[in-house]
Amino acid sequence: MSPSTATRASILNAIRRARAGADAVPDAPAAYQTPAALLGGIEQFCAYAGEEAATSERVERMDDVPSAVLRYVTGQDLAMRVVVGADLELDAAAWATAQALQRVSGPVERDGDTLVTGCYAGVAEAGALIMLSSSGEPNEAKFLAATHIAVVRAADIVPTFEALWTRLRGDFTDQWPRTMNWIVGPSRTADLGVPSKLGAHGPGRVHIIIVDA
Amino acid sequence: METTSRQFKQLSLDALANATLQNSLDGVREIMPRIRTAALAERGDFEALCDRAQEIRDRAIRQLDTHLEEFERRVQAAGGTVHWAATGEEACQIVVQICRDVGASQLIKSKSMVTEEIELNDALEQDGFAVTETDLGEYIIQLRGEKPSHILAPSLHVTLEEVAETFVEHHDIERSAPLTDATEMLAEARSIMRDKFLQADVGITGANFLVAETGAVVIVTNEGNADLTASLPDTHIVVTGIEKAVPTLDDVGVLLRVLARSAIGERLSNYTTFVQGPRRAGEATGPENYHVVLVDNGRSKMLGTEFQDMLRCIRCSACLNHCPVYTAIGGHAYGSVYSGPMGAVLTPAFAGLPAAVHLPNASTFCGRCEAVCPVRIPLPSLLRRWRQRELNARPATDGQRIGLGLWRGLNRWPPLYNFAVRLAAIVLRSLSVPGRGGQRWIRRLPLVGAAWTDFRDLPAPTGHTFQDEWRRRKS
Amino acid sequence: MPDAEDSMNDAGARPRGRVALFVTCLVDLYRPQVGSAAAQLLEGAGYVVEVPPQGCCGQPNFNSGDREGARKIAARVIDRFAPFDYVVAPSGSCAAMLRVHYPALFPEGTDERRAAERLAEKTFELTSFLYDVAGSREVAATLDASVTYHDGCSGLRELGVSRQPRELLKSVSGIELREMNQPDACCGFGGLFCVKYPQISERITGSKVRDILATDAEYLVAGDLGCLLQMAGKLERDGHDVKAVHVAEILAGATEPGD
C-alpha cells in the first residue's frame, strides 16, 4: 500500500470508528424554501447588484446589445477596443449598429480591456451573475479585464439558489462545467481601509445588460 | 500545529498597549455587529437559515467518510488527483512533491487558513520555491513577515501608512511622490500582482466547501484573486481540511446565504467559484494539472468526542467580531492562526491543551459568539469542557482545586456558609473608605484581591448578610 | 385567582404561590437591600416569599470546569428548593445556572436529573418572573432620574431577559430610560476572568464605561450584582458620578444613595 493509500484508509477508518455507537444520522430534509415575501425578480436582481456597485440596464432584443455596449463605453470614457466573448450569441450584422467599437475576440491581455460576455443565468436573491466555463472561453478573462459587461437574458434570471440548482441539474447530468463563477459587482478589498476599494484584482467596473426577448 | 499561545498573557499585554491596533479593534467592535444586524434585518428567515445550516453541517460531519469518498470519485473522474494527508507535515510534503514534479519555480497562493495552520509557505520556501500571497491582506503581511490577526482581514493590525512603507520598501518602482493614497496603493498592488499571476507555474488555493454531489471545490473571495490563482497557472493545488465536505449543492446554497452575512454583513461575497477539475479537451485555457490535498491534522480525532460540534465551523469570523476578548486584544495575542472564540476551542485540539491552556480560560462566557454563530456551535460549553480537562489534569494540591473544594464544602452546611459570608462582609466593610455617591469603597486589597483593586475600586458591602437580616426580620 | 394585571395585591387576598428567593452569594454578601427589594416586589405581586437556608448556585465551580463540585452543590440546592412553587433569583447568571445548566449535571434517566428538571422549570430571574409569570406591567415606584440599563450576558442569552426589565423600568414614575450603545456588550466581569486576566477585563469594562457615560444617565441599572460591582468599581476609579444600582432596588422604590 502506498503511503497515501494507507493514510486514506486510516483517515476514513478514524471517521467510521468515531461514528460507531453514535445516534443514527437523520435523512436530509427537503430543499430549503425561501419565504414568499423575500422572493424577487429582475428588479430585485438589479437593486442588489446595484448595491454592490454594478450598473444595469434593460434592452428589448439581443440586437440592441451592441449599441448598449457602445453607449456604456462612451459614457464611461473607455477605449473603443472591446474583447467579445465567444459565448455571446451575436452575429456580425448586429455589431453594425456599433461600428465605432473595435471588436476583438480575445484574449484579454492589457489590463485596461473591456470584456463583453454572455451569462448562463442571474440570481435575484444576491444580484449575482452566473457564468460557466466553456470550450471557447478563457475562464480567466473575466477576472483579468478592467471592465466587464455581462449580457444576460431576462428569462435566465432566477429568484433563488435553489432555482439555479434546478436549472443546472436539468442542463448537466454527468459532466458539470469545469468552473462556475458567481459574480456580484466589481472586485473589492477592505484591506486598504473602508470603504472598500474597487478593482482589487478583478474588474473595477461591472455593467449588466438584461435582454428582455 | 505550532503556536505561541503559551505567551498569551504577555502577548495580550502587548496588544493592549498597541494604540494603532486598539484603534482598528475599536472599529471591529463598533462596526461589525452593526452591519451584521442590518444584513439580517433584510432576511426575516435568518434564524431558520441558521437552523438549517447547523443541520447541514452536523449531518455532513457525521457522514464525512461517505462525502469525501464521493467527492474523490468525481474529482478523479474529472481528471484530477486527490491526496490524503494525516498531518500537516504530510500535506506540505505532498504539495512540495507536486511542485517538484511539475518543475515549478513561481507559486501563487490565495488565502487559506489551513495552509497557515500547516505552515505550507515555510515548507515551500525551504525547498526553494518562491511563493506570493495574492490576497491583498495576506500579501501585505507576507512582505512584513507577520502572521494574520483575523480570519478575513489578516492585515487588520497594519495601518495604511505602514502598508505604504512596506510597498515602498519591497516594490522596485521609481517614485516621484510619496505613496499615501489607498487607491494608488491598490493600483500598485494590482499591477505587481498581475505579473505574478501571469508568470506563476502553480496556483495554490484553499476551499470553503467541498461538494460531494458534483466533486466541486467552492472558493469564496471579494478580490477575485483565488479565481486567477485557480485558472492561470498550469497546475492548481487545492489544500483543504477534511471537514469542509457537504453532500449537495442545496447545502452549499444555504451555507453561502449565512456565510457572507455573518462575516461582513453582505448577501454574498463578490466571487463564489466552483471548480471541478483540470482543463478539458477542447478548452483553450485552464490548469493541466489539478490536485486536491485533503488534510486531517487532528480533525478526525475530534469526531465522536465532546468537541465534534466544532467541526461545523465555516470560518465566517462572526465570533471574533462579536467577542469582547478578541476585540480587546486582536488575533496575534492568541499566538495561533485560529483566534477568537473559535480559535480558543480549536487551538487546544490541534496544538494540545498544555500549549494553549490560556485560550479557553480567557473568556467571560458572555455567549455572544454562540448567539451569532451561523451553525450554532455551543462555543462557551466547549470552552468549559477544555477548562474541565485542564482542571482535572492539575494535581490535588493545586490552589484553584483547593479553593473550589473549599467552596464546595462550605456550601454543604448553610450555617458554616452563613458564618463565612458574614465574616467576609464585616472584613471587607472594615477595609472601606467613604467615596462618591455617599457610598463606601475599598481601594486596595492584599494578595489575590490586588488583582481586582489594581484596576478598579470595589464597592463596600453593606456589612451584614441578607440571610441574617431576613432571619432577624422574620423573628 | 386575582387579576393577573394587578401589580399590587390587597393584603389578605389569597396568595398566588410560594416563592423561594434564591438570594445569590453576591446579594447575600454585598447588598441585602437587593434581596429585600426583590422580596418586596414578589410580595407586592401576591406571592408568599420564603428564604430557605442557602448558599451558592455553584457557578464558580461549573465555569472553572469543576463539574463534579458543581453537581454536588446543585444537589443540595435542588433539595432545599424543591418544596416551593417557584424559585426566583435577582440575578440572570444564577437563575440561568439553575434553569439552564443544572439538569445536564445529572445523568439522563435518573431521579436527580428529573428533580433538576423540575427545579429548572420553576426557576426564574426576578424581572422575568414579575413580567412573564406574575403578569406585572407596572410598579408603584417613583424615580425622577435618567437611567441606562445593562443587559447581563447570562440573563440575556440564556434566559431571554431583555424586554421585561425595560418595560418595568419604564413604568417607574418620572424615570427616563436611555439606551446605551450596545447595551448587550459584556461588562468584562466574567467571574474569575476579571482577576485572572485583569488587564483584558479592564479594557472591556473601559469600552462599557465609555458607552455608559455617553448616555449621560444618572443611574446605571443591571440585574446582576457581579456586573454592577465591575462597572461601579471602574466608574469610581475613573472618577465618575454615575450611580450603579440593581434593577430590583429601582422597581421597589428603594434607591437611597449611601448605606
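By written order: A, B and C. Residues from 1 in each chain.
We take it that contacts are C-beta pairs under 8 Å (C-beta built on N, C-alpha and C of every residue); 3 or more make two chains touch, one makes a residue touch a chain.
All values reported here derive from a predicted model rather than from experimental measurement.
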Requested in this report: Using the touch definition up top, find the fewest steps from chain A to chain C.
Outcome: 2
Query raised in the report: Hey, which chain ends up farthest from chain B, C-alpha centres compared?
Result: C
Query raised in the report: Just by CA atoms, which chain is the most central one?
Result: B
**Report entry** Gap in Å, rounded to a whole number, between the CA centres of chain C and chain A
**Finding:** 53
Query raised in the report: How far is the middle of chain A from the middle of chain B, if each middle is the mean of its Cα atoms, in Å?
Result: 29
Query raised in the report: Rounded to the nearest whole Å, what is the centre-to-centre distance of chain B and chain C, using the mean of the C-alpha atoms as each centre?
Result: 33
Query raised in the report: For the complex, which residues does chain B have touching chain A?
Result: 27, 31, 43-45, 49, 52, 55, 59, 62-65, 68-69, 78, 83-86, 90, 94, 134-137, 140, 153, 155, 160, 163, 182-183, 185-187, 190-191, 193-194, 197, 214-216, 222-225, 227-228, 230-232, 242, 247-250, 253-254, 256-257, 264, 266-280, 282-286, 294, 296, 300-301, 303-305, 308
Report task. Would you tell me which residues of chain B are touching chain C in their complex? Result -> 9, 12-13, 16, 26, 29-30, 33, 324-325, 328-329, 361-368, 370-371, 384-392, 400-401, 404-405, 407-408, 410-412, 414-415, 417-418, 421, 424-425, 428, 435-441, 448, 451-452, 454-462, 464-467, 469-470
Report summary line: Counting only contacts in the complex, chain C reaches chain B at residues 23, 25, 27-36, 39, 51, 53-56, 58, 60-67, 69, 72-73, 76, 153-154, 157-158, 181-182, 184-186, 188-191, 193-205, 207, 228-230, 232-234, 236-237, 240-241, 243-244, 257-259
Query - Residues of chain A touching chain B in the complex - result: 3-4, 7-8, 10-12, 14-20, 22, 25-26, 28-29, 31-32, 34-35, 37-38, 48, 52, 107, 111, 125-128, 133, 135-140, 143-144, 160-162, 164-165, 168-169, 175-194, 196-197, 199-203
